[in-house]
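Just passing along the structure, written as structure tokens.
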Amino acid sequence: MSKVSMAIQMSGLSLRNPIITSSGTYGFGEEYSPFCSPSLLGGITVKGITPLPRLGNPVPRLAETPAGLLNSVGLENPGLEGFIRSYLPKLVELDTSVIVNISGFSIEDYAHLASAFQNDSGIAALEVNISCPNIKHGGMAFGTHPESAQEVIAIVRKNTDLPIIAKLSPNVTDIVEMARAVERGGADIISLINTLLGMSIDVKSQKPILANKMGGLSGPAVRPIAVRMVYQVYEAVDIPIVGMGGISTWQDAVEFMLAGASAVSIGTANFINPIAPVDILTGLENYCQQRGYGSVQEIVGLAHQR
Amino acid sequence: MSKVSMAIQMSGLSLRNPIITSSGTYGFGEEYSPFCSPSLLGGITVKGITPLPRLGNPVPRLAETPAGLLNSVGLENPGLEGFIRSYLPKLVELDTSVIVNISGFSIEDYAHLASAFQNDSGIAALEVNISCPNIKHGGMAFGTHPESAQEVIAIVRKNTDLPIIAKLSPNVTDIVEMARAVERGGADIISLINTLLGMSIDVKSQKPILANKMGGLSGPAVRPIAVRMVYQVYEAVDIPIVGMGGISTWQDAVEFMLAGASAVSIGTANFINPIAPVDILTGLENYCQQRGYGSVQEIVGLAHQR
Amino acid sequence: MVMILKERVIENRIMGDPIQMLYKMVISGQAAQTATPGQFVHLQVADSNEPLLRRPLSIAGIDKNTEEVTIYYKVIGKGTELLTRIKENEYISVLGPLGTGFTVPDSGELLLVAGGIGIFPLLSLIQAVDKEKVKLKLLWGGENKQFIESAGLIDIEKMGVNLDMSTLDGSLGTKGLVTDLLESYLGDNTDTIAKPKDNGKQNLRVATCGPKGMLQAVTKICLGHNVPVEVSLEERMACGIGACLGCVCTVKDLEGNLKRKRVCKEGPVMDGKEVVWDE
Amino acid sequence: MVMILKERVIENRIMGDPIQMLYKMVISGQAAQTATPGQFVHLQVADSNEPLLRRPLSIAGIDKNTEEVTIYYKVIGKGTELLTRIKENEYISVLGPLGTGFTVPDSGELLLVAGGIGIFPLLSLIQAVDKEKVKLKLLWGGENKQFIESAGLIDIEKMGVNLDMSTLDGSLGTKGLVTDLLESYLGDNTDTIAKPKDNGKQNLRVATCGPKGMLQAVTKICLGHNVPVEVSLEERMACGIGACLGCVCTVKDLEGNLKRKRVCKEGPVMDGKEVVWDE
């Protein structure tokens, strides 16, 4: 049998294969190295970086729900400077595409963060997390308002020459409208979905389990919502998609690619199976091989035919 | 130990206990009678009724997802006339509160449906499903647009003297805004959540599993999203809430009541355990008894303290 | 009466060639009391949410004396895989008997047409028919010899059923499809077949179960020969009792109006004539 | 080295009074090779999504010769309940050894303070300490006699540990809290306790594990007596290896700055002095 070409080209971002790991679930690339060599992966996305260091939320930060996980880490991170000083040098040495995820609380935050990363920084792309509250405008998340989302992406576009991945929030009425907004703003790629806002209450203590009360839902439970959104966005925009949300097996990865994702990202599944990305990659390759595809890119969007 | 009072009073709607069954999951009340006497339940909600009979969507209409169920029944129902002729007479004989769920595709539909049900119809309340597309306005669901939602509830208010339960769609950016809109429209009670829009793709056939491609996600998977929305709405409106979305155990029911639901509704869980409503009721009563509550109403909203 | 009960599994074992993944399960309990041929049980396979739903399985054998129902199943996914893990004397939640089964004729000839594991629901019909009064004939098509043997050929022969078989690879019986067997059988037996205006004299009936495409072909052939045919349908199910409208099948009534019937309630056995196959 | 492996369970049985729901599990495999006292393993308890996450359990015994690690666990929810179902010779996915364990002193005196099942991680420390060179003393508080006996009292006595116990109901040892034992022990042993300016002469150390409130109290008492204390913390965990930041604990550095440490990586054992207890 002939080999399947697993490489993926996405407007300016070339990946060895379509398997990426998700922001906030893969630390700064070191933690999982003992299990899963970064050189096997299409890319890794680092924890969301903000301009200043953040302690994040108090614990408990985690709660399990049926086939899902709620987290309220609250963007704990060393801040831009700390990241560049303590983590970036090791990251750029990794034999994989490194995607830096940035999060801000104002347009200026995003401009500042974006300007710190350029084509010569040794990273492959910037992922822009627009799910954070816009503190200058009543705390409404950038990612729930098309104009704000477009504005954020546009300012990032102005400040970096790296490929930009706009990461959409699923907590919206109309994901297509959001996708079109970030496309207009100049995004090269769209990634989705971020977590869904959820809550879990302990019947013993009669209080929310998370110290922060609400948190983001991820894991297999959210997969049908994520697949639907990828499917919808694929029909609406011309830029490629990185699909994520509950992917834990190769079948799940294929599902997202059939829906229209050019690459997929693995988050929560790493916690259960630290070699999930490699298992998924192997399964994906076999799937393509058994069905006679020369390149994995051929399966992207197939579910839209007829 | 003293008995717990399980009765619930919700603006105009008095229920024997807080356990209701959900629209579309409990047929027209007959199907589950062999397992679960309606006289044990707080109420039952019937399948959504439209002005004209509907065949609904082609099959497959069902797909399982992790801890969830996608359905695309497509509002199959006998139509208003057929319902009143063939089902209503038997329903009103049941020893429980019957809630009729109505669905329309235009403001006029809702007016027409509402006017068919009054205080003397033998039913306890009207639940208004606003998750349907407004075909006169580009197919946008009424329930995703505050003004339309308010308008629908207002027209129903004008046309019936029954208590009105406005059933919210979770597929929105801001559930609080929707809740406030239906409260303004004149709803007596709010129920939530309806299903989340989702999709599942078969990797063998490379096509969506559902004939309708997309469907509504229900079951345990959606519970954290539903609990969060009940919690948010409880803080924002003054009318009582019927909570639903993935309730399958008494702990789940307690979770919703602590979040702010005065009553809870059981949907998908019936499919797995036809006596789920009774099991949940028993557990809820024990919980209250063991903690020394005189009335189940005392636990409503407790998770908001501190 | 439909019931939901924790029933005891008294047998659960693989049958024949392991590659076929065919299992037999015998459940002791009250479902047997009221079950009729062609009905099914809705089994809870997991005590977690995975899979979330029950699994519908046809009642293949009913013993009212010992209060036992027998089901046969093929492992195809997570649900049926979990079923195999149940050990003898463990309990399982059984919802049933459910649905509307086959007409059991008390005279004339009954021709059974089975495709693959479609044989299973027909077994209960073979058991129920009074073989003294009704001429019984079974046409059974399968992948290959291993499949048919594993699916219980010897037991069926023991029941004294007159049987013709076909396999795709010709390893047993005729090489080809079961519909080929049906065509030639109906061609050879025109005498027992009712003529168009022959109301009430129809002494040949067909009952069939198998993949949807086969059922459609069987129905077409039967109706072409003016032979009444009952088909046992499958559809994804949630409630299993008619409450969710998840499992419908489209039928055309006498006036040509399209209607939905619930496979779990009005079915799984339907009149082939009224089923709308290509919707 | 941290590894993820399917390891064989060679023992998994309930201990003592069934009401206590305490289990012992021995796992054969490579985790034993590099494990140190106070580390933990992260076990996959289900092959479905329920529960979704692994479960962290302390390594209570390490045998590098036979390549076995022993864990003790109390059943409290779905995950630990599923653990009990694993049969001997079945395999389990083990991620570990993980985290940073206790300091193992090679002289002086080590005082262990255990609350309830907090004894379990301390067992590996008892095992590791050279009892010829280090004076070892264990203070152990529990609910009642049944608990303490079921949690392995006899084995601990066999290890030759000097042991004082307290129970809430007084059914074994002193009636009261383990912190009462600690107070009086430190009061009686002021000679082994370092004085404020006595750098380097601290020959008494405390290692403790138990409920958070107890750890806080133990830390306060120890610091009051100027005794260094290591606490083994618990926190809900997802990844177990420092990647998700789900399990943090707040610490105050020398300049008084608040920082987060990961219980799974920099912990579970932390310097009691730096932990911020009431955040």
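Which chain is which? They are A, B, C and D, in the order written, and residues in each are numbered from 1.
As a working rule, a contact is a pair of C-beta atoms (placed from the backbone, for glycine too) under 8 Å apart; a residue touches a chain by one contact, two chains touch by 3 or more.
Just so we're clear, the structure is a prediction, and the values are computed from it rather than from any experiment.
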Those chains which touch chain C and also touch chain A: B, D
Remotest chain, chain A as reference, centres from CA atoms: C
Rounded Å distance, chain B centre to chain C centre (Cα mean): 37
Centre-to-centre distance between chain D and chain C (centres being mean Cα positions), rounded to whole Å: 59
Mean-CA-position distance for chain D and chain B (Å): 48
Where chain A touches two or more other chains at once, by residue number: 63, 66-68, 219-221
Overlap residues in chain D, where contacts from two or more other chains coincide: 49-50
Chain contact topology (line, ring, star, complete or other): complete
For the chain B and chain A complex, residues of the former touching the latter: 63, 65-68, 70, 144, 171-174, 196-201, 203, 206-208, 213-214, 217, 219-225, 227-228, 231, 246, 251, 254-255, 258-259, 287, 299, 302-303, 305-306
Chain B partner contacts - residues on chain D that touch it in the complex: 49-50
Contacting residues of chain B [partner chain D, same complex]: 66-67
Residue ranges of chain B touching chain C (in the complex, touch as defined): 24-27, 31-32, 34-35, 47, 55-56, 58-64, 66-69, 71, 73, 76, 219-221, 268, 270-275
Contact footprint of chain A on chain D as seen in their complex: 1-4, 44, 49-54, 93, 95, 235-250, 258-260, 265, 279
